[in-house]
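Across the two complexes that follow, subunit A remains constant while its partner is subunit B and subsequently subunit C.
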Partner chain A sequence: MSVSTLVSTARPARDRRTTTIGLIMVAIGLFITIAFGLMVPGWAHSQLTFDPINSAVHAPWHLGALTVVTRWSDVVLGLLAIALGVEVVLRHPRRALSRFGVTSVLFLLALLLWSSRTSGPASVNFVDLTAVLVGSSSLAMVLIYGSLSGVMCERAGVVNIAIEGQFIVGAFLGSMIESTTGNFWFATLAGALAGALLGWVLAFLALRYMSDQIIVGVVIVTLMSSLSSYLNLQVLTPYPQYNLGNLAPNVAIPLLYKIPVLGPVLFNQTGFFYLAVALIALVSFGLFRTRWGLRVRAVGEHPKAAESVGINVVATRYRNVVLGGAIAGIGGVAFMATQGQFQPGYTSGFGYIALAALIFGRWTPSGAVVASVLFGISSYLANNLQSYSIPVSTEVLNMFPYLITIAVVAGLIGRVRPPAADGIPYQRS
Partner chain B sequence: MRVELRNITKRFGSFTANDSISLTVEPGQIHCLLGENGAGKSTLMNVLFGLLHPDDGEILLDGERVSFANSGEAVRHGIGMVHQHFMLVPVFSVAENVVLGFEPTKSLNRLDHETARREIRDLSAKYGLDVDPDAIVESLPVGVQQRVEILKALSHDARLLILDEPTAVLTPQEIEALIDIMRALAAAGTSILFITHKLKEVRAVADVITVIRQGRVIDSVSPETSESDLAALMVGRSVSLTVAKEPVELGEGSLELRDVVVRDDRGLVAVNGVSLTVRAGEIVALAGVQGNGQTELAEAIAGMRPVESGQILLGGRDITNNSPREILDAGLGHVPEDRHRDGLVLSMSVADNLVLNTPRRAPFARRGTRQLAAVNDNARDLVQRFDIRTTGIDATAGSLSGGNQQKVIVARELSRPLVAFMASQPTRGLDVGSIEYVHRQIVAERNAGRGVLIISSELDEVLALGDRIAVMYAGRITGLVDSSTSREEIGLLMAGGS
Partner chain C sequence: MSSLTPETSVRRAWWRRLFAQSPTVLAGLAILLGFVVGAFVIIFTSPVVLRSWRHIFSSGGAIFSALKITADNVGAAYRAMFTGSVISPNLLWHSLSTGHGWSTTLTPLSETLTYATPLLIASIGVGIAFQTGIFNIGANGQAIMGGIGGAAVGSMIHVPMGLHLPLTLLAGVLGGVVVGLVPGLLKAYTGAHEVIVTLMFNYVVAAFLIFAVLSTPLQQPGQSNDISRTIDGSAQLPPLFGVASGLRVSYGIFVAAAVVIFAWWFLERSSLGFEFRVTGQNPQAARASGINARFIIIAVFCVSGGLAGLAGTVQMQSTTHYVDGGFLIGNAGIGFTAITVALLGRNKPVGIMWGSILFAALGVGGRAMQAATGIPLDLATIIQSFVVLLVATPVMITEIFRLRHVSTQRIQLATQGWGS
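After this line comes the complex of A and B, so read on.
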């Protein structure tokens, strides 16, 4: 008898993991409520402004500032997080991981409010929320390029660790070509071609010689980062006219850009941003709605089965890795076009954060986008700590994407399943 | 369709897998290809299906010469294949799997799911193979997955159906059902090439039997040929298919399981309260279709998987959740199911593999230093006693044939004092000759008064060896019967009946 009762009450592992996610969310909520909320003196205020200051964009609206009592607004955010966590624990929704993403955003928002609180009853301090979102969005955009590149490669069964290297080469060439031609189209084309070439190198070594894909990827990154440092020293430093670092112009979408807050974030962006949005839709549609996507996914899941119905596994993988490389190469140009002048090491591991976003997003384009937005915000805050007087060190905030990814990969929160043949060399029987 | 293979030769390096093989399948004929593992059956079928290119020879379909660049072309020529390891994408739906490679599309290359579903339903109705087009393949039982595989093979108007070892994963009832399907298809004019090494099935279903040995056609015979004659043709010498067992006086329980509960890798309960006593001097054969918890149970007994609750006793001593080494030292001999993963270090020498579980014990090591002379003496002795065919004791285990690899494991486990002996799938992938040898060793161990637990999904093996037969289904022991029980009855128990 004991056995049957034991079995009927025992939950499968997925449920246990979902419960863990929920409990972590509740813990985050409690932390927000207490540390950012109740421990703050009642007179402390946080002020949010929505009108872009110092922005090239003309703001056609004036919303003024929103002043909130730090304690109670963070308590509200904390309680929201707790409520989400309790829902996950009790109801085990299928999309527990995306709710966890929402909780992470709540945490970052609470942190922002808390760190911008007034230090005395009479002092003044404010956070430009629109600027935060605009700044985060351009970083998120770069991560989206990177993680879409990862989706393209890994869905076909090739691990692309080289995204960082493709970013570097894209940024380097992007800056050079734009500086010499004054044309971002040429820069984009050059970045795409260079990224595709690196993708081809990865594919060639991985598919022709069955080399370990992780090692080849790391080698490509190391090579690109050293090569770009060298060329920077030899070419860009003595000839600064090749590294002007012009930013891509914003293209405002008529009418829509006038929407408060959302307008500058979504509808007054560079062409690279709109291209990223188009790519999200395109990759998503392609992978899950078309014949091409079905075949790509079959190749990534069970290459022998694909081969047995006449699908060319090796050609499919080549194609996807080269396309993925091109996407990451454009991502590098986009990085340069929003962050300015090329410097060695300034992509600072964004390629790896993009990989983290890919995993957190469960190898789906939409999931990768959500994760990219989350990691974009955390990276932006990490880069701009002083302006928001966040009393956390840059390094700690920079750990955030990796910590989440480790937790996800280790199965602590939720379980992700990569394509079954991801990273495994394919040998025809 | 009339299929003719003429002098097909396929070489891999210096190894000739198919040596000028010729055979003809007539329309509506069930043609069995019988041969041991490694005889070249699968290679020949992969050539016919366009997965491999022959070095020589030609293929004629209805008298017309063809050659396939890939298997898609073979499919377009009316050849369908059911692979031994299913060619199904586990995370795809039934419909997606069946149409893969031949997808109906709408504009923009979009998949036409509606048409795909309708095609599956039509096929299901036409062949009486019932499946839900929207089911995700990995959620289906193995028998149903095979049905999907057959539907997929038939979906492009296949006039020749190749079935590669299709019965390995099926229950006896599912095998019956499969044979019915094959007969119906043949009656409707489909030619069938059926590959197997199981003698009973061949005789039950074949119109013609072609025996292949070492890449050559040995003979074509009628299904009236006796099992022992077929076995002799396969192996090249006469083999005994039964093992003589003398009565032995039973002793105390040597291996006892009490209400053992074990979880699988996904955390689901795989062994659901199993109690079983193996007494000294008997062989208990644990029968069951793969995936009913036997693997997890064996791993738990060997200490390779945690026991959630319950007790395991070896010679009266509690070994529950002890480490594998403690359990081996306590006197359990263990032949693991996956010999490449758990039984041998393929890149190490035969001599080292023969002391793999006692490397730090005298005489093989003293004061923390290996005694290579003792290791080599031991190896020479065992190689001779267990008839391990190797180029030398320094040859890597990976260079041996499957049968000789298994002999290395059996020799290692049986060459030390044991309380009980457990072997999982002891003859999987072995040829008839090696099977005979391993079986005799197992029976000898029983006769010497050890308790023996055999875990096998081969019903023939279970019946040949077991003094008692326990049947496992869905994590429980559903029946404990003696060895005179009929195949049908055990088959029913394996399928969950009672």
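After this line comes the complex of A and C, so read on.
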């Protein structure tokens, strides 16, 4: 029951929103066609390469560079986007959201082609598609941990806004433990335990004392960011041997890693990546195919009804928030293991972006994964497009992931429905 | 309260009231516990203290020396915090007996008030939002934009002070309103949760700040650094005791005082403020009585964002007189502290006033402590976070200290779920 509940009754029908999404897609398509396509001289060429940059991973099958005419290839991409938009406007398909996702990928591809055109402004005159995907995948992986943590907590009816804090504590402890023991297993364990502990604090305050979950979550984040900054100065700066920031080694899966493009992206990753994939499957299966999942969802939707059939609401919530905290803690270790040395504030709001991914994915693990991948790609490009000398300043590019998050939360994706009891304290009557 | 008859409440002795669950007692105990936790953080991160405890079994007196070392270290830190933010007894005695050196003696107090001024204004903005059931985490971004707006008007328009000063303040308010309005509109028309949107705007505005101070109109001419033009003297909030005194506390405290009075009047006496509070306490009742929920959401973001923007420009006009790339970034930020202050002050203007002075003192004292003992400034934020965690869970303090229940409060949430 909230202010927005009252507003929502006066909302226009969903159809109009779908039409709006379609029109936005058409606009994006027109922009691609004109700005990236027709305004480029006809003789400009773009080059796409497919070999991984990391020379340690020798490409077993060398793929030659693909050279295309910038103008016409971008025009084709733009027309595709327009076609998708027109389809959404006219037919109102049920999966308008996924079509919007495709359109954004088309836009990014067109942008890459355009920025790397020959005799363009760029110092790098080719786009390494594999490198882009590999770079994005490690960011997406962290977001997947975060949003899975959110799924675990919110499906049981507790808003876990402290994901950012769990990332921070995971990254901090992960770096310390890995540096002292040289073992990522211990680091992962420590991160999971610390994240679970924070989850327990949130659950304890929210379930036992019925505190405001969002306030407690935000305060936990503030506490963790100040504590980590404090310990960084007190411990890590005088003893740099505790913060070596070793990156986790890649583990190539035999044979599969040799697949061009897909191999380096999916089958030659750190253990954290495979763990994330396993967790996606586990959470997805657990929530929708097991008795445990049914109970969790019942607790998140209608705790009174769940209680009346003998489910222990409070215990279920405790368990899920602690598990969710552990997942986010591992996410923090994974962040450290792919981005390097711990520094205060270097998770830069990823925990909140993971929350947005969760909302975008409509509180389902699979949706959250799709959203995380989109966010991962846009974050990676925002951080790395400077090397292509895009005529947009760095600062404006840095706003991009956050603006996209806002656009997403603002319901570009259509009305989303959270678990009914999400964020509402439960009192046995 | 309803369970108490008038006679018992009159007869209640002061020591019994001391152990009753009143907001002031709860806040005081929360602050006390916050300092205790801070002491433990110091103990567990000071090598000297830890070493002394490692050898407590080696000799009979070792445990006492360990206790003494611990007390010395914690005491030194908190003493530095106090003398750095309130007053140093030695200097005070020196000034009283000789009549000289008042500016050095009063500098800590002046610094505390200087930091408390923008914090108070921003916290009242956050508090008004809380009273309406809106969680504005974006006060920092709104304050940064206020600072940018104030710097632009203060440095690029040249008019007499009587006009320039109010114009600059107004520009700050408008900067905050612009940043606050977007989450408000999005929440009102699309149902986007304000927590995520305002948070994301903090990052967006931080990036915009760098962009603004590196681009032509605002950047200091002839500079390649991320620094803006300095505002004219006619747009500055002058020091209260003159530039010669060396004390930075400025006429900004009058702006803050005006904001406190305005907020009290607004919430307690104005009809819009009444609608705000009704919406916060019972959205259904608000709607049933014909209050336009959508308008209230937008209005509260304008008021809250405007006050945060005012805080930003007051900060800029009374201290640095320019904005740079680090303006209100990281440790210097006031947005999160403003949330904690608003919660500590129970969203009431007067409570917020005391809360902001206390947390400003913590921040200023933290700096002094870092300089004197090397213990990082972040300790102040750690203490603040703990205080708020405790204030947000009054039931826990009641249980820890076995306070008497005065009233069984209905669970009232300041924020709402994801909405829909």
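Basically, the second predicted complex is superposed on the first by the 388 of 429 C-alpha atoms of A that agree within 3 Å, B and C clash if a C-alpha of one lies under 4 Å from a C-alpha of the other, contacts with A are read in each partner's own complex, and residues count from 1 in each chain.
FYI, a contact is a pair of C-beta atoms (placed from the backbone, for glycine too) under 8 Å apart; a residue touches a chain by one contact, two chains touch by 3 or more.
The shown structure was predicted, so the numbers you read here are calculated from the model rather than taken from an experiment.
Once the two complexes are laid over each other on the shared chain, residue contacts for A:L403 go to subunit C alone; subunit B is not touched. Look at A:L205: by the touch rule set out above, it reaches subunit C but stays clear of subunit B. Of the two partner chains placed around the shared chain by superposition, neither subunit B nor subunit C is touched by A:Q47. After overlaying the two complexes on the shared chain, residue contacts for A:I311 are found with subunit B alone; subunit C is out of touch.
With both structures placed on the common chain, the touch criterion links A:L227 to subunit C but leaves subunit B unconnected. Number of subunit A residues touched is higher for C, counting subunit B against subunit C. Look at A:T290: by the touch rule set out above, it reaches subunit B but stays clear of subunit C.
In the superposition on chain A, no contact is made by A:N243 with either subunit B or subunit C.
Taken together, the two structures place residues 2-4, 6-7, 10 of subunit A in contact with subunit B in one case and with subunit C in the other.
Those residues of subunit A that touch subunit B in the shared complex are 2-4, 6-7, 10, 12-14, 16, 289-292, 294-295, 297-298, 301-302, 304-312, 420, 428-429. On subunit A, the positions that touch subunit C within their shared complex are 1-8, 10-11, 159, 161, 205, 209-216, 218-220, 222-223, 226-227, 229-231, 233-235, 345, 348-349, 352, 355-356, 359, 393, 395-396, 398-399, 402-403, 405-406, 409-411, 415-418, 422-425, 427.
Those residues of subunit B lying in contact with subunit A across their complex are 46, 49-52, 70-73, 75, 81, 83, 85-92, 96-97, 100-103, 105, 108-111, 259, 261, 266-269, 272-273, 309.
Residues 41, 45, 132-135, 137, 182, 186-193, 195-197, 199-201, 203-204, 207-208, 210-211, 214, 279, 283-284, 286-287, 293-294, 296-297, 330-331, 336, 339-340, 343, 375-376, 378-379, 381-382, 384-386, 388-389, 392-393, 395-396, 411, 413-420 of subunit C touch subunit A in their complex.
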